[in-house]
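The structure that follows is given in the form of structure tokens.
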């Protein structure tokens, strides 16, 4: 597939920004900023970049829960939003996510249903982990999307780990994309650390959904470099569940250096570009942070007004 | 496959008994016996017969909810039990069913888990409809059974209807057995109105489960001749959802006459046998009814003792 | 001024009243859509509520009314997503008992998450189901789940007892910008007697209890199917010289505590009756609300607030047993008599 | 008779106490088994309750303790099936909030169906989860769901507030022949202070509240994490001359109404405090039970029974907001003062 040069560079920059966002947010977390539990998706940056490169402002996108911050890359959002304390905005297609895993997939399916009922050409891309994929509510959402041929693309992001449990310990087969057959919808596995390959598959599935061809399931194979979640200082960390050497080996397949290499081989990226982009992105994040943090926060009085049946 | 002659005749007799049980119970229902809502599984008798022919007393079996009465055919049960008001008996492998569809499949999976934990060679066969197969809890049960290679065989009984909704309106594919691939377990479709073919598949799957080979999914294709459920006299019945002529055509594929024909072609069943079996079964049912109804019923005082946390 | 012409009425049963409410609201606002199992094919969105959807498919088409697979969680979750995207879905889940199987979508997504997400906009979803009490259908069909959903911050809970109230409250529910749990009751749905329903549009606001019978000796607060039994009990009590006032709450959230307090101020005795199991049932909430709103009234009660509800036991599939577990007319009579006696 | 030797004790935190209880019961009865997400790999059966399962896999092997996929419904349902088949499973579901996603299996199967099925035998299942209150983790992690499960006929509900009680009650739960919902609380789990736990085995029976502090002026009834706050409040109140009695219910079902009544008979004032949302929360049940058990005591109260609970709002992910929604030590002090004042 021919991917335009700007798209390629945009995806590279997006991946770099995503990685640096994790680093920034982790620093904020370590220094006591109240971000709640901190989760990050290091090593999985290619997938949101490939998705966002295919979406429009009016489309809907749910990143995997550990990649919420990558929403900045979705048209309609900007970096400062990430630091603003609230990303939720149905207008820009982000309907939040469920801390109870899996219960959000049906909600996004409802967005796709509304698009179909109204005859718009909006599309929804909804991501979840291979651990979450076992939840019953996801099965129901996929049955429903298939039954009505809804414009939704499910992206199962298989980063090999659900908490401390390795994927291959739970599942008895090679290809999770086989799940799609059970719903009568197209399914495809892709190397989720290869952003160009992922882009191509997402493009195909999104276009099909946009033109009335119904839902599909993409399984993006990747690896979770980040821990399960960052504990608060002093809390116990158990990370001994990874086989010796596995993490180091996975770092060798980090999608960012991999893509950097491809781009430089294609003559699209020089060492100076790399450094420049790094610097620019760092500046952007610093500016976005100070902008975002200045935006007004929802306070107690506003909070208790929202969606309360009876105080 | 060579099926011993007695097995064949046993299955025939079982199918006839199942059908006549429906008729008897429907009469009781029409005359105001308090059986609750009345559901029947006419046209689907081959499947429980093929299953029970492969099970032992200590195995577990959940028939589809509209075929609970076919439990008489499971080793350990007898006809009189059907009229006794309570079939539940974990010892004989029947753990009840859930009126909320689907929530029982995980319970039966737990039976299989206990068998595995204890190292027995018990097997569980758990049946549900193609409508019920969309429920999330079934997905979770199948993921779990696959993950642990539990000795359970799921039988998806596709009778083409879920309430008034035709299967082909909801699902976008030909073969529900493809679902099995999504769990990494063996799957197989079979003509569920062909009792011999069904017997062979059940046998293979049950033996595999019994010898540590893990779970499987059988899709038994059949047709629901019975209405969704029998309404109480005076209640509204809407049965207009079947395409013209479909019901009549399906009657032409009734598994009982079909098997009768096969058996007579094989020289195993004469017209006299047919009549004799009909008469014998009717007598048995009559006796079982009077025996069963004489058994003591759980009364209020006993009822409120069972599993109550605090009265 | 012209003489006020007598408003036209038609005699409808509850199913017909629901059908009229659906039709009127779907005509009025094209964002109103609905789905559920067999809502088209069987015209039966909630078990026991047959024909409620008759003719809607023909009039509004297969985009606005849809049959779903057996996917209760997805029925609710898609309603949430569609509502966030600007539609106004009515999501059907057949029975209150089946709502246990999509509890997270209702309690935690619909009723909780969008506040947690600081969603400043609307979330117009009506969840409809039937409570199939009185016919020994077991807990999955007969459960009356109001106490559970009252405990979710964002859910309103509506449980009418007449066809008239059902129509007016359902129209209000459909126009509400936030989630509403709406329950019909089998015994209300199957009443032979039709009711006079005005042709002219009317809405009944939430949070207004209705005094279904006046009396001076004891206040009976109840809702849904139990209103019918309470009224029958009041009739019997009248024969014995006890004048019971029957307050039909109609909506549990929001709760019209004022009407209860006014009644209790008059009668001096409060009996709360519900069909659901007693332990952690809604009676405790009613009692606390009265105590909080009017400590003076509670202080001068002659006997403590009393509740009558189902025993702490699973709903059975035997009518014989169900009748001894769930309050019957005779039980209400007895409880009211006891309370009046004690108050003297 | 030999002199009674001083019983040996060890200083344990709550996680260690749970670990000891698991180990003792699994040694005692090989039918005791457990599963849940990451119970082996992360040694963390309930979020926030780390290391509770340390060493169990090594001692008892992969048949008796298992990591599951993310399948909360199947975790409960398989526990039911295995229990019916003769095992005694402990099913872990991480948090009370995640139990919304397996509500039917808990409420309707475990707590209801097997009575409906007239199952005359036992159903020994313990469901364990953590309530992660006090850290702005939002409803899915922080929900305290006791009111919901108290409303299921067959469920006992246990919510201890100390390591000592946790161990004794957990052992009782594992030996109970019927379903038990067992909740640890984050604030109890993370207490720095260790407690003296006897080496010798002890069990604490269900249905026995514990008076954690004596007082004459006002009774505070509470449970789980709120006991810690109530005790801190009682300390402050003492400074102002108010002697609060703190009754830790420990088990909500069965409920020790006698201990409450005895206390209230003495103090004449009852404040019920809970962490869960007020509307349809468990306070109403406590109040009704007291009124039913001791109408005379209620009649002579100087002020109506009072409750203090979280506002009727979704649990937020902001600590700033959470602190204004959920009762804090200062709120309990204030409520107790008000009540005492009003009673005078």
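Going in written order, the chains are labelled A, B, C and D, and every chain counts its residues from 1.
One rule holds for everything that comes next: a residue touches a chain if its C-beta (ideal position, glycine included) is under 8 Å from a C-beta of that chain, and two chains touch if they have at least 3 such contacts.
What you see is a predicted model; the values in this text were computed from it and never measured.
For the pair chain A and chain C, chains touching both partners: B, D.
Looking at B-D and A-D side by side, the one with more C-beta contacts is B-D. If you average the CA atoms of chain A and of chain B, the two centres end up 44 Å from each other.
Between the CA-based centres of chain B and chain D the separation comes to 42 Å, rounded to the whole angstrom. The distance from the centre of chain C to the centre of chain D, with each centre set as the mean of the Cα atoms, comes to 32 Å. Centre-to-centre separation between chain A and chain D, using Cα means, comes to 37 Å. Touching two or more other chains at once are residues 98, 100, 103, 134-137, 140, 143, 147, 169-170, 298, 303, 307-310 of chain A. Among the residues of chain D, those in touch with two or more other chains are 69, 71-73, 97, 100-101, 104, 108, 113, 115, 138, 140, 153-154, 253, 279, 312-314, 316-317.
Taken as a graph of touching chains, this assembly is complete, with every chain in contact with every other.
On the chain D side of its complex with chain B, the touching residues are 33, 63-64, 66, 68-69, 71-74, 76-87, 89, 104-105, 108-109, 111, 113-115, 117-121, 123, 153-156, 178-179, 253-255. The part of chain A that touches chain D in the complex is made up of residues 34, 36-37, 98-103, 131-132, 134-137, 162-165, 169-170, 228, 235-236, 238, 241, 298-300, 303-304, 307-311.
Residues 134-140, 143, 146-147, 149, 169-173, 176, 178-185, 214 of chain A are the ones touching chain B in the complex. Remark: chain D residues 97, 100-101, 103-104, 107-108, 112-113, 115-116, 138-140, 143, 147-148, 150-151, 153-154, 253, 276-277, 279-285, 287-288, 291-292, 295, 298-299, 303-305, 307, 312-317, 342 touch chain C in the complex. Remark: chain C residues 37-38, 41-44, 50-51, 67, 69-73, 97-98, 100-101, 136-138, 140-141, 279, 311-314, 316-321, 324-325 touch chain B in the complex.
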